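Next, two complexes with subunit A in common: one pairs it with subunit B, the other with subunit C.
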Partner chain A sequence: MKPSYSTKIVLFAYGILAIIFLYLPLLSVSFASISRARYLTFPIKAYSFKWYTKAFESDTVTDLVIISLKVASIVTIVSMVLGFFGALAFARYNWRFRHLFQKVILLPIFFPQAVLGLALLIWFNSLGVIPTWKTAIISHLVWISPITTLIIAIRAYSFDSSLEEAARDMGASTFTIFREVTLPLLMPGVISAGLFSFLLSWGNFPLSLFTTGADLTMPEWLYAKMISGYSPLVPTVGMLSISVSLFVIVFAFAVAHLVRMIKQARI
Partner chain B sequence: MDRLNKRIAYLSAAPILILLLVFFVAPLLVIGIYSIMPQKSFSLLAMPDFSSYSVIFVEGYLKSLFWSLVLAFSSTVILFLLCWPLAYAMAKIFNRFTLIITIAVVVSLFVSENIRLFGWLLTLMKGGLIEGLLRHYTGNGFEGALYNVPIIIFGLVYVYFPFMLFPLMQGIAMIAEDTRQAAFDLGATRWQVLREIELPLAAPGIVVGTLLSFVLAAGALAESKLLGGQTVIVLADDIETAFTYGQNWPLGSALSMLLIMIIATIAVFGISRVDIDTIMGRKRS
Partner chain C sequence: MSDPILQLKNIRKNFDTFEAIKDISLDIREGEFLTIVGPSGSGKTTLIRLMVGMDEPSSGEIWLRDERIDKLPANKRPTCMVFQSLALFPHRSVGENIEFPLKIRGVDLQVRRQKALELLELLRLPQSYHGKRIHECSGGERQRVALARALAFDPEILFFDEPLSALDYRLRKTLEKELKALHEKTGKTFVYITHSLEEAMVMSDRIAIMKAGVFEQIDPAREIYSRPVSRFVAEFMGEVNLIPFKIAGKVLTSPGEIMLSKSVTSDISGQLKKANASCGTIVVRPEFVAFGKGQAADFSVEGRVLQDYELGSRIQYEVEAAGLGLVTIEKLRMDMFDGKPGDQCTLSWAMSDCHLIVGE
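And now, the complex of A and B:
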């Protein structure tokens, strides 16, 4: 039973509405970031980029960007490695505890992040570790490496294990097989997992909130300013955070497109 | 050969398992131990007295728990109703548009949730995008739409939209077209097909989607703080206060344990009913 034409139109409109619903608040933030007034009211009377200039000149904002970048980059690299091996155990091999392993991996994703952040804070305290941006890396990893595992696992499910067996029959060592067969085949999954982990870490706030100690990431600073002591820089710094994410996404899509074109040109 | 593969499997599982053991299981154990320590204790070795649990029941903490669960439940129900038609269309009707929506939703996930909630603050406040423009063009404004319970639910629905949409879509994609067709041919009504064919066949996706939304919403903090002002105190709020301003770790731990127990019961019950391989699209061999 095919849906009628009018049903299709309604559903299509619904889809567009959903996208507007998702992006309307970001539209407000972007308008607010270029409003001249210190306290915003719509309609905006005068536009200016002065808050951007202020943000770029501010040492606080520079520190926020550097710390957020450091955390996100290290989380990306480590979670790609953990996710790659995790995905092999998750999807590729049949071993005794595989189903249990799959459920254990899902648990941190099904866990409220604020509570996880607080639990880690208490744990670091008990260990005598003073929270800094380094401990935030660990808290991000607890949440993000299960996600990278899942993303790479999707790729690993469609893995043709006879390729590995063929390599082994030809006398390749386990290490060579990993390097020459397994890793290249899973590479698209690993790359998109890396993309996800960078972006999720960059934007994460509930975990950072409790585990960065005196250091602040961008989302944390924003939250602090939203709750108390509002600063007209909030929309601007928010937009800067969004722009970095957007840049990374567009860059990744461009590279993916380029790689596809080169591959096609070779054939 | 098989033995070698098994060894590789154990070795591959090890790094992430060690990470989770040291930084997920161990912290939760410590929380568990703190929760039975005397009030305001900072030591794990005091004589356990379970006083925090009695404090929970005596003081107003059950109210926050109640609010957390009510908010999570209502937002999950609304999310299911909102997402079902869209997920259905994405799985079965749209072609290229599914990709566009998917990208749009995933990209929105990468924007920090507090920036997005702050955006709603700017959109809905008095003098915000909606009220300000309405007043400007019609002359009639209203008192902003913030700081009440429905707006908190709205915030939860907004933030957890993707966590319902994608699992539902995955579940609906598992409904075989032939089965639906057969039911229609046998004279089933649209309603019967939904109840007898589509909902049961999409069950794994429904379970994962509702679980994720409920669990995440029950532990959410930012929505009630940013959009709700201080209208309602949720459990996660109490937990944060106990650990930070209150400096009462045993109380915070006991409150966390309460939330963890509820979530764990629901999650374990749900996850054990779902075959992960099927949802993730493993080919049947």
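And now, the complex of A and C:
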């Protein structure tokens, strides 16, 4: 159906408003980060990148980045593996408690993260584990691996099981089937699940707040500095954090595009 | 006759309480094209899955020549199947799909490629298709790629699970003939399952008709068509007129106002008595029923033409015959009924064109 002229105008206006609503706040943070003044006032009187220089020179910021990166990378890798096998069990095989498993595994996504974080903290304490960034990995996994499982399961559902049967019929062993058929076909799902888990872990605040102990991730530090000791370093670090997320997304799209180009060129 | 290549001995397969296969025994001959036909739910897919090793029978034995194989998994059996979905790997090119079974066996890349190109040629696909993606191929081309891949495996027996069912009529007809030609060219044993009788008739050396987990009849197409063993087979093999007869006391009673010649009356009652049966069914195909009373007419009945249907090369008539209900008649264009729906007519046919099914 082709929209009429007036519908087009309404749709266009709606789109613009949605984009403004979503991105204007981010824009103001970016303005705050390049303002010379200590407190944000509009219009900005003088611009400066000195807070970026400070951020790059600061040991605190370097530590934040390292800890957040460590947590996000490990969470990404582990949740991809867990999600992959979870999704196979979720979507591909029939077994007795499958339907129960499908429901139970998705439940943590809908728990309030603060409650989940608190529950894990109490649990760590009763086990005698001192919370550090390593325990945060576990808490992130509790919330993120159900999401990766779901993403990969969607891919696995569209998987024609006769492909595996055909491979077996042509002499392939279980391991060969896995390597030649199952894994490559689920790979797009695994990659996007990995992307999601990195971004969700990188930006996660409530779970980290409860379970990192003395260590600080970037979102935690942002929050702490907002409460007390605000300086334009806060929006600057915020912008850096967003830049990392953007970089990951752009990088992933670029790689996907490149892979497609290479495949086309081979033909 | 040569020894069978594959033997099924008293095969049963149960799913919980449901008996999908009930005591099937079958000898498949080396080099034959055997088609198993049956309506959906008759157990033909279950049976083929047992034969290729994707399921194990609940009881019974399967022998490939001198080797018992019913406990062997599919990847240990020298047989290969073309799936209904074709099961082509979407993440691989046409060539890589064809080479897949060779790759599994660790065949050299160069040898593999050479073989794939040969198979492309055998199946009349251009060599440039080697690098093509699967989703760029048409339905018929995919069909050929799946066939090439199965042939690359070089199986002892090639199984087919309704691979043509998703294609349009014309393409299906072409591929049926190609498949038959390929069978002759390769000399391999082909076992094909389908619910389409037409498909089975065109291609097969023998047809096995399956119903509710058992074989009703296993014979060449012509035999099954003209001498069906049961009403089920007769009706499954296309349009047919089934006329029931009974023996009451010692006298043969014919249904409706059908007129029988003397010789036929004694022939039918003789056959029924010999088999110790009190009833039987005369099977007469629509093309053998004539308008008017011919010389050799053993059966005749009065009727009224209700409807005519254009079938292309033939015309089908529905005739309300006195006391018999509907009789279906098919005539070539040159033998058309010279009248219109509503007209009265006389129908007749000869005993030599009929087949008698003894019993219920």
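In this text, the second predicted complex is superposed on the first by the 260 of 267 C-alpha atoms of A that agree within 3 Å, B and C clash if a C-alpha of one lies under 4 Å from a C-alpha of the other, contacts with A are read in each partner's own complex, and residues count from 1 in each chain.
The rule we apply is simple: a contact is a pair of C-beta atoms (placed from the backbone, for glycine too) under 8 Å apart; a residue touches a chain by one contact, two chains touch by 3 or more.
Values in this document were obtained by computation on a predicted structure and should not be read as measured data.
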Handout entry: Side-by-side fit of subunit B and subunit C on subunit A, or clash
Key = fit
Exercise for the section: Check the residue A:Leu185 against both partner chains and state whether it touches subunit B (first), subunit C (second), both, or neither. Expected result: second
Problem - Superposed arrangement, angle subtended at the Cα centre of subunit A by subunit B and subunit C, nearest 10 degrees - result: 90
Exercise for the section: Answer with first, second, both or neither: which of subunit B and subunit C does A:Ala91 touch in the superposed model? Expected result: first
Problem - Partner chain in contact with A:Arg168 - subunit B first, subunit C second, else both or neither - result: both
Exercise for the section: Of the two partners subunit B and subunit C, indicate the one touching more residues belonging to subunit A. Expected result: B
Problem - Partner chain in contact with A:Lys103 - subunit B first, subunit C second, else both or neither - result: first
Practice task
Check whether A:Gly128 is in contact with subunit B, with subunit C, with both or with neither, and answer first, second, both or neither.
Solution key: neither
Exercise for the section: Determine the nearest approach in Å between the Cα atoms of subunit B and those of subunit C after overlaying the two structures. Expected result: 6
Problem - Doubly contacted residues of subunit A, that is, touched by subunit B and again by subunit C - result: 165, 168
Exercise for the section: Flag every residue of subunit A that touches subunit B in the complex, lowest number first. Expected result: 1, 3, 8, 11-12, 14-15, 18-19, 21-29, 31-32, 40-43, 81-83, 85-86, 88-89, 91-99, 101-116, 118-123, 126, 138-139, 141-142, 145-146, 149-150, 153-154, 157-158, 165, 168, 174, 199-200, 202-206, 210, 218-219, 222-223, 226-227, 234-235, 238, 241-242, 245-246, 249
Problem - Residues of subunit A touching subunit C in the complex - result: 160, 162-163, 165-173, 176, 180-181, 184-185, 266-267
Completion exercise
Residue positions on subunit C within touch of subunit A in the complex are 52-54, 73-75, 79-81, 83-85, 87, 89-91, 93, 100-101, 103-105, 131-133, 149, 153
Exercise for the section: Give every residue of subunit B touching subunit A within the complex, in rising order. Expected result: 1, 4-6, 8-17, 19-20, 23-24, 26-28, 30-31, 34, 44, 85-86, 89-90, 93-94, 97, 100-101, 104-105, 107-123, 127-129, 131-133, 136, 158, 161, 180-181, 184, 211-212, 215-216, 218-222, 225-226, 236, 239-240, 243, 249, 252-253, 256, 259-260, 263, 267, 271-272, 276-277, 280-283
